[in-house]
Amino acid sequence: MNPVLFILGFPGAAAVLLALLPDYRLAARLNVAASLLTLLASAVPFIHRPETTPFLLIDDFNIYLVALTAFVAFTTSLFSARYVLHEVEIGRLLPRYLRFYHAMYQAFVLTMLAALTANNLGVLWVAIEGATLTTVLMVGLYRTHAALEAAWKYFILCGVGIALALFGTILMYLAAEPVMGEGLRAMTWSELLPRVAAFNPALLNLAFVFLLVGYGTKVGLAPLHAWLPDAHAEGPTPISAVLSGLLLNVALYSVLRFKMLLAANPQAVAPGPLMVTMGLTSLLLASFMLYRRRDIKRLFAYSSIEHMGIITFAFGMGGALANFAGLLHMTMHSLTKSAIFYAVGYISQIKGTQRIAEISGLTASQPVLGWALVLGVVAIAGLPPFGVFMSEFLVLTTSFARAPVLAVLVLAGLLIGFGALVLRLQGLAFGEGTGGEKVSNAALLPAFVHLALVLAAGIYLPAPLVSWFQTVAKLLG
Amino acid sequence: MLTALGTGLGLYALASGVGLSGRRRFAAVYGLSAFAAAVIAIAAATALAEAWPAESATLPLGLPWLGAHLRIDTLSAFFLLVVNFAAALISLYGLGYDAHDAEPRRVLPFYPLFLAAMNLVLVADDAFVFLVSWELMSLASWLLVLATHRRDESRSAAFLYLLMASLGTGALIFAFGILAGDSGLYDFAAMRAAPLGAAKSAAVFALALLGAGSKAGVVPLHVWLPPAHSAAPSHVSALMSGVMTKVALYGLTRLLFDLVGPPLWWWGVAVIALGAITALLGVLHAVMQHDLKRLLAYHTVENIGIVVIGLGLALAFRADRLDALAALALVAALLHVFNHAMFKSLLFLGAGAVQAATGERDMERLGGLIRAMPRTALAFLIGSVAISALPPFNGFVSEWLTFQAIIEGSRLPQWLLKFEVPVAGAMLALAAALAAVCFVKVFGVVFLGRPRSPKAAEAQEVGTAMVAPMAGFAVVCALVGILPIAMIDLLRPVAALLIPGSGDALAGSNMLWLVPLDPGRSSYSGLAVVAAVTVLALVLVAAIHRFASARVRRAPAWDCGFPDARSETQYTAGSFAQPLRRVFGTTVFAAREHVDMPAPGETRAARFEVTLKDPVWEGLYRPIGQAVSLVADRLNVVQFLTIRRYLTMMFAALVLLLLIVAVSQ
Amino acid sequence: MSSVPFELLQLILVVVLAPLLTGIVRKVKARLLGRRGPALVQPYRDLLRLLRKEAVLAPSASWLFRAIPYMMFTAIWLAAAIVPTYTTGLMTSRIADLIALVALLGSARFALALAGMDVGTSFGGIGSSREMMIASLAEPAMLTVTFTVALLVHSTSLPQISEFMLTQAVGIRVSLLLGLISLTMVALAENARIPIDNPATHLELTMVHEAMVLEYSGRHLALIEAASMVKLLLYLSLIAAIFLPWGMGTEQTLGWAALGLGLGSYAVKLGTGAVLLGVFETSIAKMRVFRVAEFLGGAFLLGILAAIFLYVSQGL
Amino acid sequence: MPVFATLTYDTAHLLDAGMLVVSFALLYQRRLFGVLKTYAVQALLLSAAAAWQAHAQAAPQLYITAAVALIFKAIIIPLALHRIIVQLNIHRAIETALGIGPTLMVGVALVALSIWLVLPVTAASGALTRESLASALSVVLLGLLIMITRRNAVSQVVGFMSLENGLILAAVGVKGMPLVVELSIAFEVMIAFIIFGIFFFHIRERFDTLDVHDIDRFRGERP
């Protein structure tokens, strides 16, 4: 049997099961168990790469993304178990909401994995749309005024984005149909790629614009980013972690799939400049926005926009090294940002606030938590020896050799954002502590595991990962 | 050599692990660090003395298709010697200083890491390893500065530091980007092999200056240095000021003399000018400063300027194929690198001892420590004389060599250089003279006179663990001042590496004589000076005590008939600096003195206040900060729009992209 | 022929002649002011008297306070011996070149300024502060003169400079004149002469050098006074060695015959210098302390101008 | 059968053009109920277009799409919205962010842009010709335009649904596009969510009724 079916089956079955299960403590454990099973299943393709079917595909591009997604989903479920129980204890969440929450969590994971493994452009779209629906509900979980507003904003903006993406998908089929003939084949990614050179380039261009704007909204590229900060800030923190750690990646993955198609058609307009522009805009906007943030989760949400901007810029620049850097950065950002959100989740629970001004001296009052935050921010800010540094190094060196002006702008954006992050980090983690209970080391294990991986990647990258990255980088043009 | 390096790095890693282990095993951390540093330093000195060939290794780490390239040539070996020799003594000092540290557990894990990162920078042989270590060095030292995180000014210093360090790293990334080209040839061997056009090499030059300069503290990139160096615990300050700035200079040397290829003559113009301005502005700042550690940090800026002048001269000479002179200037610069590492570490350790004994850094609250802390005072005095470039100590030797190179500047064919070099020489002379003023102030106010605060009056000498390293540095300062040939011998292979065809630098020198070019022209003998002065002074003392008078009577100070027992009547650091503040401060720093005199009959105290403005800060950094703030405010509106407006933004983006596609078709 | 006796002669000469030189200056000044003035040997008597007295130390004086007079005297003594007086052929002169000479004097001044700070009085501080301020401007000015000379001679070694000036047809040059003026200004400042400072005054608020050594007495004071005298001699010798080296012997002519000529011409030069100094000091008023910066700044600029003029006259 | 082929083409083209005209009518409407009725007309046209394509392409699954459009879009949604308007007592006049005149002019410009974009697409693209693609694209863009120029939540939702009509029109027009039914149903789920959301959140007048300024102050983000 195709192992992908297990990868999709575990979260699917778990979602149904959890929707029926009233005991929230058991549900939290089941959630962890299901995530673990998914993670184990996601390891199978490494051993035995499954056949490509019209609907399911595992290739060099998504094999590690599937594993990464399952991994982050698993660690987040660990974090989530502790986090939501605390929320119930302090009465912020009702147990009956948790039933819904856990079911939606698994449903969300299902949509993410489905989007990654989809070989069919239509299925991809449906999965992304499903991801929107599931997360909207979770963003609004607290039922506060602000949470509902954030959920609504998220829903409307992403709804429009999804609609535009569908139009792009239709246009893509339209472009494919004369060459591929009618039927499923013309929507099957693995069939399209070898023959895309013969497609009508004008249609491809048009399709790509809609897909870029559509899925780009989910990626959080400026000026389509408006939903992202509030959705991260107002929902439960595990959701912020998976939004940043998974959803943004998957949305970007979708854009990249289409970029590969364009890259393989010599007559199509190079998608590079469009992506470079949007990436740069996101980076610069987000880096300035970081300075005026007063909410700790919104701060890191803007940092996600910034990093999505960098990644998009890297892919926009293209070339083997920049694409490699983009892929690496996707992975690193996913791990690091979710780790940061784990820490931030505990911080806001302990301090009872998300306001930056009311938190200080964490390394003094909660050393382990404080240092976890320091490490996370140091990693995300692009300081070595963490992996983000490697990707930023590659992006900057290669782009400076080709387009110095753009590279200088990127560096300016990076430095401005860096300044804001360090400034806030110093306020949060250093200075006089303000008390509060301590967090056990075990609770922070997921964060430290993520950071250890990011650290390891900055020093040594395993050969298979590198060769996958290089294959994909070549395809991305 | 590589074995020694590996051992050293391993020990550093071990020490860092011990520091991380939570419990306070400071003896292990500093002991291991000192041992590791000693191992590497001895190996490096041997490698230089016996002219070992360059060694290299490639590890399967870092960029996967490249690996981590390491290489030790004579330049690396020399800097390894500087870094690790100083680090070994400073680590020993750490054994004693740990007890005086406010939060030692914030120092212990990062201290060995910092040392290891500096070592790695020096042996890196590809751009990635170089930059990782470079930035790791910033990261570790940032965390070390934050060891005093409870003080607001430490945090702001740390912030500015890390930001400037990252700016520098960014510039270096670009520099390597040009050197490596589009294809990603990041190893140094490939960079050396690939010739660059004039425009590209000029860009690398500018970026290298920006990148390494910001780390070294070259004006106008120096603003972070004094606050950051002074905020850290004192032994870390010594490392940052005495050692880390040298690593930055290594970066500059490696890029400009090795990787980028033959220099153009105008590089020399730029570098010499920057060096001269840095030296002068640094020392002027220092004169106005009354915080002991900050003052020392400003002197670091000055000394970096002196080294940079030397490097600039070497570049100019090399561009004009005056290789022997280039070697002289380079040796002068590198010797000053070593010397500054010695005396600046010594001075910071002394400042640390003072701080440990009195809890004070403000000079206006110190005084008379020579009686309570005689050993520290003697060591600090030697450091002060050395940094003031006065014979017979080491600082003088390297500045003297720099002057010799400056005098030969008339051989340069370009008009601009002909005029610039003497002017730079004059500025260097002014800087050296002002440094002497400054250190009369420092030593006179801190160690001489009478205590200005109860804490200063109750001070006690620090322990041997802290005094011994200071004594070690002091001995080196004296030895190199008296027998500079010992260091010159080690520097010759470096000059031969970087300036091929220069022959044997300072060939005429020997144990007695230091001869820059040929024996007839100029010479200096530290040994003769010391011997003559010592013999004459001893003869004099003996003669006077024997034949004239040896009697001594203690009596109250005369003070022109107005003796006042209160220590407040002494001259303070502020009053000492007043003449120079009048002369230079009003124009350079817009210094203003405000006297707030109470009206007759009022009982409140009069107040005297001096305000200074850093022209670089006011003219460059403040506007940038304001601009960022303004843009952030303007853009922040985007966070508070309605959904309809966000949709409009989306719509606009879509239409814009469609238009782009339409136009491009 | 061994040079050792000549080296020793040089060493003793500078110490022995120095008080006499001061005596001459004082005599000339007194005569010009219409007084008879002290005898020419009065400085010797003063020094001997001081040497025999006990030294009075303030309670707060440290060991440095007692050590410094010896150290600075010997440093200045050595420096004076380095400057060629009657011959250029001495090994002593090679110990330090012009730059090192300036630095050696700098060390001596550094020590003395520390001594001024040691007791912890307000006057000591004033003296040290002002002395160092003046020095910080005078030293660079002197080094710019050095550059000018070095650009011409391609050496900073004093014997070589003197020989160059003796043997080459240097001619009268604008830059050398500017250098001479600059060096003279520096010499006035460094020796605490009018118009910078008045060595004879004890008017508290205007004194510089005297304020610094206010706490010294007995043998220590004697050494400091003697050092000042040697320093005056040093500067006159220096001006003579650089700009008026006529009559000096060289290494080849080292012997008794050349000694006579060398010593004779040296004595004439010193005497003339002393008389000129006396005349100059009586004809000018002391300036305010903060005018000193402008005065020495002028010297500094003259030094730079001299260097630049040299390029102009050499046609680059 | 060239005549029949022309008929197929002409009918499809007519329906496409009709939808575009209705989009303009939506832009022009000032009354909320009028908007609903106009939307229902557009949905009817869509249903007819889908049915015609099902017939022409001999693709029976498109009949499902047509039926969904007919039942859900043309009947249920307008009725539901009508009910919401009455129940929540929503203001019936439409507030525009941009005058009707300028809006129409922008609409024309968008249609021009669509045509300009589609020009390079050759006629060889099978069933959907240049003109049809241009009209679908125009309908999509006009739908977006409605969303951003209307302040009323209901009319914005209608704009969104009109946008979706454009999508479905494009989808059914493409020869042999698989999954059309699934996709359109997935989309309907989203539409249903939105309408449910309006009801649930009691959004009376605008999306912005959840007063953004208040919320930002509450969040502590306002400076």
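To keep things simple, chains are lettered A, B, C and D as they appear, and every chain counts its residues starting from 1.
To be clear about the criterion, a residue touches a chain if its C-beta (ideal position, glycine included) is under 8 Å from a C-beta of that chain, and two chains touch if they have at least 3 such contacts.
From a predicted model like this one, the values you see are computed outputs, not experimental measurements.
Chemist: Report the chain whose CA-based centre is farthest from the CA-based centre of chain A.
Modeler: C
Chemist: Identify the chain pair with more contacting C-beta pairs: B-C or B-D.
Modeler: B-C is joined by more C-beta pairs in contact.
Chemist: What is the distance in Å between the mean C-alpha positions of chain C and chain D?
Modeler: The answer is 99 Å.
Chemist: Would you kindly tell me how far, in whole Å, the mean C-alpha position of chain C lies from that of chain B?
Modeler: 35
Chemist: Where the CA atoms of chain B average out and where those of chain D average out, how many Å apart are those spots?
Modeler: Taking the average C-alpha coordinate of chain B and of chain D, the gap between them is 68 Å.
Chemist: Between chain A and chain C, what is the gap in Å from one C-alpha centre to the other?
Modeler: 77
Chemist: Note the residues in chain D that touch 2 or more other chains, in rising order.
Modeler: 117, 120, 144, 147, 207, 212, 221, 223
Chemist: Where in chain A do residues touch at least two different other chains?
Modeler: 152, 156, 160, 164, 202, 206, 292 - these are the residues of chain A that touch more than one other chain.
Chemist: What chain pairs are in touch here?
Modeler: A-B, A-D, B-C, B-D
Chemist: Show which residues of chain B lie in contact with chain C when the two form their complex.
Modeler: Within the complex, chain B touches chain C at residues 367-368, 370-371, 374, 381, 385, 388-392, 396, 400, 403-404, 406-408, 410, 415, 418-419, 422-423, 425-426, 429-430, 432-434, 436-437, 439-441, 443-445, 448-450, 513, 520-525, 528-529, 532-533, 536-537, 540-541, 544, 548-549, 551-560, 562-564, 567, 569-572, 575-580, 582-583.
Chemist: Going by the contact rule at the top, pick out the chain B residues touching chain D in the complex.
Modeler: Going through chain B, the ones touching chain D are 633, 636, 639-644, 647-648, 650-651, 654-655, 658-659, 661-662, 665.
Chemist: Enumerate the contact residues on chain A facing chain B in the complex.
Modeler: Where chain A meets chain B, its residues are 152-153, 156-157, 160-161, 164, 202, 205-206, 209-210, 212-213, 217, 223-224, 226-227, 229, 269, 273-274, 278, 285, 288-289, 291-292, 319, 321, 361, 363-364, 378, 383-385, 389-390, 393-394, 396-402, 404, 407-408, 411, 414-416, 418-419, 422-423, 426-427, 430-432, 458-461, 463, 466.
Chemist: Mind listing the chain D positions that touch chain A in their complex?
Modeler: Where chain D meets chain A, its residues are 117-118, 120-122, 124-126, 128, 133, 137, 140, 144, 147, 160, 163-164, 166-167, 170-171, 174-179, 182-183, 186-187, 189-190, 193-194, 197, 201, 203, 207, 210, 212, 214-215, 218-221, 223.
Chemist: State the interface residues of chain A toward chain D in the complex, per the touch definition above.
Modeler: Those in contact with chain D are residues 120, 122-123, 125-126, 129-130, 132-133, 136, 145-146, 148-149, 152, 155-156, 159-160, 162-164, 166-167, 170-171, 173-175, 177-178, 181-184, 186-187, 200, 202-203, 206, 233-234, 292-295, 298, 355.
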